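Two complexes follow with subunit A in common, the first pairing it with subunit B and the second with subunit C.
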Partner chain A sequence: MFTTQYYGSHYANIIQELSTIGIKTERDLLLAKDEFILSKTNISPEDYYEFKREVIATCKVPVRRGLSLIEEHQRSLLSTGCIGLDNILEGGLRVGEIADISGAAGTGKTQLAHFISLATITSSFFSTADPSHILTPTLSSVIYIDTTLSFHPTRIRDLYLHSDKFADLRDIGVDVGVVLSRLKIYRCFDVYDVLETVESVRKELESGRGAEKQWTEEDGAEDEERVEDDKLACCQEGVWDEREENANISVKDGKGNGNDHGETKDFYGRLKLIVIDSVSAVLSGLVQTSHSQGYSLMMTLTQMLQHMARTYNILILTVKTLSAFSAVDTKPALGTTWTHLPSLQLYLSRCADEERVYTNRDGEGITVQPRVCEVLRARTGVMGLWCLVYMGDNEIFAPEPGEYYISGSDQESIY
Partner chain B sequence: MSGARPISSLDLSPGIRTKLTKAGFQTVRDLEETTPVDLSKGISTDDALKILQQTKRNTVDAMSASEVLVRERLAASISTSSNAIDNMLGGGVPIRKITEFCGAPGIGKTQFGIQLSVNVQIPETLSGPEGEAVYIDTEGSFIAQRAAEIASAMVERVNGHQHAGTEALVNVDTILSKIHYFRLHNCVELIALVKVLDEFLKEHSKVKIIIIDSIAFHFRHGFSDMALRTRILNSLAQDLTKIAHSFNLAVVIFNQMTTKFFVSSDRSATDQAILIPALGESWAHQCNNRIILYWQDGIRCANLIKSANRREQIVTYQIGATGIRDVIDDASSSRKRPREDLND
Partner chain C sequence: MSNTTPISLECFYLSCLDACLMQAYEAYHISPISSPNFSPSPPHSPPSHAPSSTPAHDYNYPYLSPGDVVEFCGPAYGGKTSILYFIILTTILPPYWLQSKIESGPSLKITKRFEIGGRGTSVIFFDLDGRFDVSRIYDWIVRHLKRRVEKSFEESNTEESSEEFEIQDKEADCCHDWVPTEEEIREIARDALRRLHVFSPQTPLEFIATLHSLKEYLEHCQQRTRETFTFIMIDSIMAFYWQDRAEEPYRGNSTPTSSSVYLTQTLHILSSLLSANGLVLLTTSWSLISDISFSTAYPPELAYKDTLSHIWQSFVKYRFVVARQPLPQYEEGIRIAELCRNRKKEREGKRREGLFFGRMVTPVCDSDIFEFQINDDGIFCE
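Here is the complex of A and B:
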């Protein structure tokens, strides 16, 4: 739908004229014949074609080069913080995708989600791919949408304060308060709340990322490509810089309150992960065979999430419960429709293996229980791989496959 | 332009949704600029207002983890009168969480319920929550006589702690009058009650605990459509979660046990049967904490099998004339029970 807010007030007349002949959306305009519109309205051809160019520019999908796609693919890995899990995922979780953890009650889905959140916040401290980050590591941000009150702040604090994974960070003086302030919690109790939250996050991202100068060039470029229309061919350096500046100024003018929201912008600028724990809690009441609206909401939610993940390079991690349809078999909840939606599905289950004792850096013995983590489905990478994830007290780790025994001496290698 | 929330995801009736789509509205952004007057050209003013309210609905507040940490530290948990169980749960039954106790008949589930509904009234001077209790009884097992017994034991303890000179503030009558008791006879009543519970809680803002004894009773018979049962239970749990969060109270649910059979594929091995909590796998996800109560060698044991912040643990307790207490004899060292017996 055309709005003067989006297209600017100087197009108000044209929008008004067009709506009188029933042309209200981008789609209407692009499907209509130019002669028809010009003959029915009083819009001058120059104004009309200018407006149409503007509309086309907003609808156009930006061109991407294969080379940059590959670079993106390599750069977009997000470590889970567990070496064994990263191995079966071929390096880690990928930003721009929806990943999904499912498993029976009490198998540690929420624990894993807590741990991945913490590992994501501190990811740049562990990153080896980009040396510039190691010099000036920054904390990333994570949003946690909690639908079953399962988020536990003391738990995540204890994980940071006691786990060996974060021992180096504690040693260099990264304060737990600073780490926790990078994690935002939304508590939602129905699907409309979740949709509302996702929409408000998207708005923040939309207004924030345009002004983020230090953000990756590609993101900036994408935004400008939307504004500029058919000048793609001329991407010489000079033109590029000029555009970037223009974009920055226009955004600042539009908002005019950059300083007040500096903190929010910083938060959303570094947003890397959104966790939804759990999706099935809000959706399973609606999804039923006799009622299609539930499916529609589910698809809408995933579409919004997918769009956000891809546009802003964020990983969406959903946590989902199991449903048991027969006495013996359990499978991830929300039916078969959902299984097509995430790009990656992990499945946690208990295993008959013995508990083990892990000796941490302070020399305390910690009893850890094994869980099997299996890749049920993956769009990129290999399906059917699995690894053992040990959980207990304040430790979660997955040793390399084959490395069965955990001893105090090679504690470095478990992460 | 794309990526904004589509109109189809608003909580509107299908008729209005179709009208909006026909009028060219695609996303919430399109609605932001319009006024009720503009909208009401095609639909009634009431509907137009309703639509706009939807788009300007109060957004969910975000809190950073450090803020949540500070807030949740302030909430006092509700003691069970057994130190061992309190320690296992990190100080007692936690506020703003759903805690489930499962156990076979006669293990003392109702005793826990009565004890908690009395203990929630421990005054603030003794670092108690000083609240009221809502007791939702589906089985008819609540006995006022027993509540009075436990209450008088509590009164004795509380008044023993009062400083000399101050008058005893608590007596059995006030305690019993602060237990709001609902007796439900079928699951329709249960669903209806949970839907209107927030009205009741607005009037009784001191309620700090909601006890449901038991959730399983009305759901274990009379349901031919199991998928329907699962859906009802899920939305019930979602409502309770919302109540627990918005009214800052603890929800305690009691659940029955059911027998699960394992037919072994190996012919020489015998088939096995174990006790597991009733209501199935999807219900198991709805609670934040799950505790299984069982007998072992004549001692009552409590096993925390699901918790986001506490480790899995087994402790012992006993039930006497005065209510739930620790096992005095120090045989209470936590013993590990083979886990396979408890989990599927």
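Here is the complex of A and C:
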């Protein structure tokens, strides 16, 4: 709506006149024909064009030259926590983009999403070339939007408590409660919930942008204190309560009204990843029943996500279940429009090889099953590459190709 | 305004696409070309004996002429945006780069030149998808220049020259006086990126307002920096399509039509911009149909069905469908050994991931399917 407060009282008459012929918003004005407006109102052409210029100047976006874009450009990657997967992605998932994990039901998409979430939270531990030199903890934050209402906090907790990936962290005393306090879970029942949640996250990011800088400048010692503080704060807030035997992460409803603790700012300042598990659950029904509106919502959602990812350097990871007959991906769950939206699509599938037993650092034998993870589509990087990801109870790892476990008879046929 | 602008004819510098322009010309042109230097003719020749299937455009040049609208459509990851990036590269790179060196006192100034073969003109890019990747263009430019440097070394040995693209053929034939260093290559690339103007509106309103402001912006640039603009690119025109559809029916206009008012107004502004400034519009668009049920003589990836309204359909002069050639998908329940064998085969054979194909769908003529490759070095036609 045009408001005199915004455009100034000297335009009051014009705004009044325009409203009589149904032109009430900037959109109305810019889509109407000049001749139509001038013939239907008593506004003089000079006044009209001056007002229109004012509206255009208000709504237009500034230009960016290619040179300044390249100067600001920073390529940052987020490790998936799996060596083999990072390798086929040329280092990891690209921050500032939307990536998508798809696959049939039961192929381990959610488990992989959990693992990537934990790896992201603890990413600063693994960022140095020398793994023995583990830095003082600076934990990143992750938001997990659960639309299937199947998120079990214990699953992600057990993954941290048992996976070899996090063994070093457990050894140096990085408490599971502290790690999980960096994870916010939102439950969303439909696409409107998701949109609302995403919008509330965006607002938090917008207001807390300044906090990020402050954090990166801090040195390790202060960070250590901060972790202790975090732990306290979390206990008070009840996000994570160690005292309960069945540890429980508080799950927020879709409204996502962030509590205005000082902690909130810190949380969003270090937000690196938003997971939506799954997008097909909220969108596919909508797309099928109301075509135009469904697509509109899907586009609105992805444009919001894309913009947020770019502006705040966040990775958006979506999980999508494919229908049983879509192994060749000719009919993705969300129609072909969705295939245009993410910048990277990973595809998980089973292989025929038997499960194997992996002995972890604690000497426990864990049954793991191999999955093929394929780069189905990628805007940058190489499409068609694949790696094996072994998944079992509370364990995920993707070894280098040389370490694939191939049974004796099969092995001969390769070489 | 359009009378004063000299007609400049451009091509894609991608042989597969340029061949299509030639085919369209051969099928539909009305007046024959008299000389290699085309005399400027009125933008709209009177339609005389055009075939009945000819759309509202004339195809009197085997090149792109000012006011033309080109659309690249096709499935996701089909190379549409990459083609735009490649055309940006050929456009913003200068025809040559001069190195001024002052040797033996200020009296003697030696200027050396390195032929690059670009247009040296500017591009307006609308990033409606929010995915514009400037680093990709920059990397391509740097690699392109490095290849030219390598080539110039080869040429100094053999006189043969076969360039990937040339604009000033005659000039580019002369050998390079000097080749730039690694650092100078980066400087050339960065300098070229000055000629790329990117707008990233996020709502249909921001987009339309920016379009309204573009006329003034172009004038401002032409006066201040004497830039010449060749292309407006919109990636992708479909970005706001569904949002716009949802906002209908539109209220408060004298001519509420069933088709999109938003699209009509967009095209109205665009066409006046194109004709007033002698620009060519390049757009990408999605094909939402991946239905194999309607069988054509083409692979399903290259099937085409109109999705945007008729106004847009007739606005487009050349339309290409491009797609990545389908990869054989790994079957559920494949054995790891089988996968490893495949990988070995792929390494030995051609890199399968970078193969693309496409065809021209507008104007309709018997054009063949063409193939091209996209990789970290750029786009290459066979």
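Keep in mind that, in the parts below, the second predicted complex is superposed on the first by the 259 of 415 C-alpha atoms of A that agree within 3 Å, B and C clash if a C-alpha of one lies under 4 Å from a C-alpha of the other, contacts with A are read in each partner's own complex, and residues count from 1 in each chain.
By our rule, a residue touches a chain if its C-beta (ideal position, glycine included) is under 8 Å from a C-beta of that chain, and two chains touch if they have at least 3 such contacts.
Owing to the predicted nature of the structure, the values given are computational and were not obtained by experimental measurement.
> Based on the superposed arrangement, let me know which partner A:H10 touches: subunit B (first), subunit C (second), both, or neither?
The answer is neither, since A:H10 touches no partner chain.
> Have a look at where A:Y295 lands relative to subunit B and subunit C in the superposition and call it first, second, both or neither.
Second partner only, subunit C.
> Look at A:R361 in the shared chain and tell me whether it touches subunit B only, subunit C only, both, or neither; answer first, second, both or neither.
So A:R361 meets neither subunit B nor subunit C here.
> Classify the contacts of A:I70 with the two partner chains as first (subunit B alone), second (subunit C alone), both, or neither.
Touch partner of A:I70: subunit C, not subunit B.
> After superposition on the shared chain, which partner residues are touched by A:S284: those of subunit B (first), subunit C (second), both, or neither?
After superposing on A, A:S284 lies in contact with subunit B but is clear of subunit C.
> Is A:E26 in contact with subunit B, with subunit C, with both, or with neither (first, second, both, neither)?
After superposing on A, A:E26 lies in contact with both subunit B and subunit C.
> Under the stated touch criterion, which partner chain does A:C59 make contact with: subunit B (first), subunit C (second), both, or neither?
both
> Take the contacts of subunit A with subunit B and those with subunit C, and give the residues found in both.
24, 26, 28, 58-59, 104, 293, 296, 300, 303, 307, 327, 330, 350, 352
> Quick check on the complex: what are the subunit A residues that touch subunit B?
It comes out as residues 1, 3-6, 24-26, 28, 58-59, 104-106, 110-111, 114, 143-144, 147-158, 177, 180-190, 192-193, 195-200, 202, 206, 278, 280-282, 284-285, 288, 293, 296-297, 300-301, 303-304, 307-308, 311, 321-324, 327, 330, 333, 350, 352, 392-393.
> Under the definition above, what is the set of subunit B residues touching subunit A in their complex?
Listed in rising order, the residues are 1-6, 8-11, 14, 23-30, 32-33, 57, 59-66, 68-69, 72-73, 96-98, 227, 230-231, 234-235, 237-238, 241-242, 244-245, 260, 280-282, 284-286, 288, 290, 305-306, 308-309, 311, 340, 343-344.
> Along subunit C, where are the residues that touch subunit A in the complex?
Spelled out, the residues of subunit C in touch with subunit A are 75-77, 81, 92, 129-138, 190-202, 204-206, 208-210, 212-213, 217, 239-243, 245-246, 250-255, 261-262, 265, 286-290, 292, 324, 327, 329-337, 339-341, 343-344, 346, 352-353.
> Considering the complex alone, what residue numbers of subunit A touch subunit C?
21-24, 26-28, 30-33, 36, 40, 52, 55-67, 69-70, 73, 75, 97, 104, 292-293, 295-296, 298-300, 303, 306-307, 310, 327-331, 335-337, 339-341, 343, 349-353, 370, 372, 374, 377-380, 382-386, 388, 401, 404-407, 410-411, 413-414
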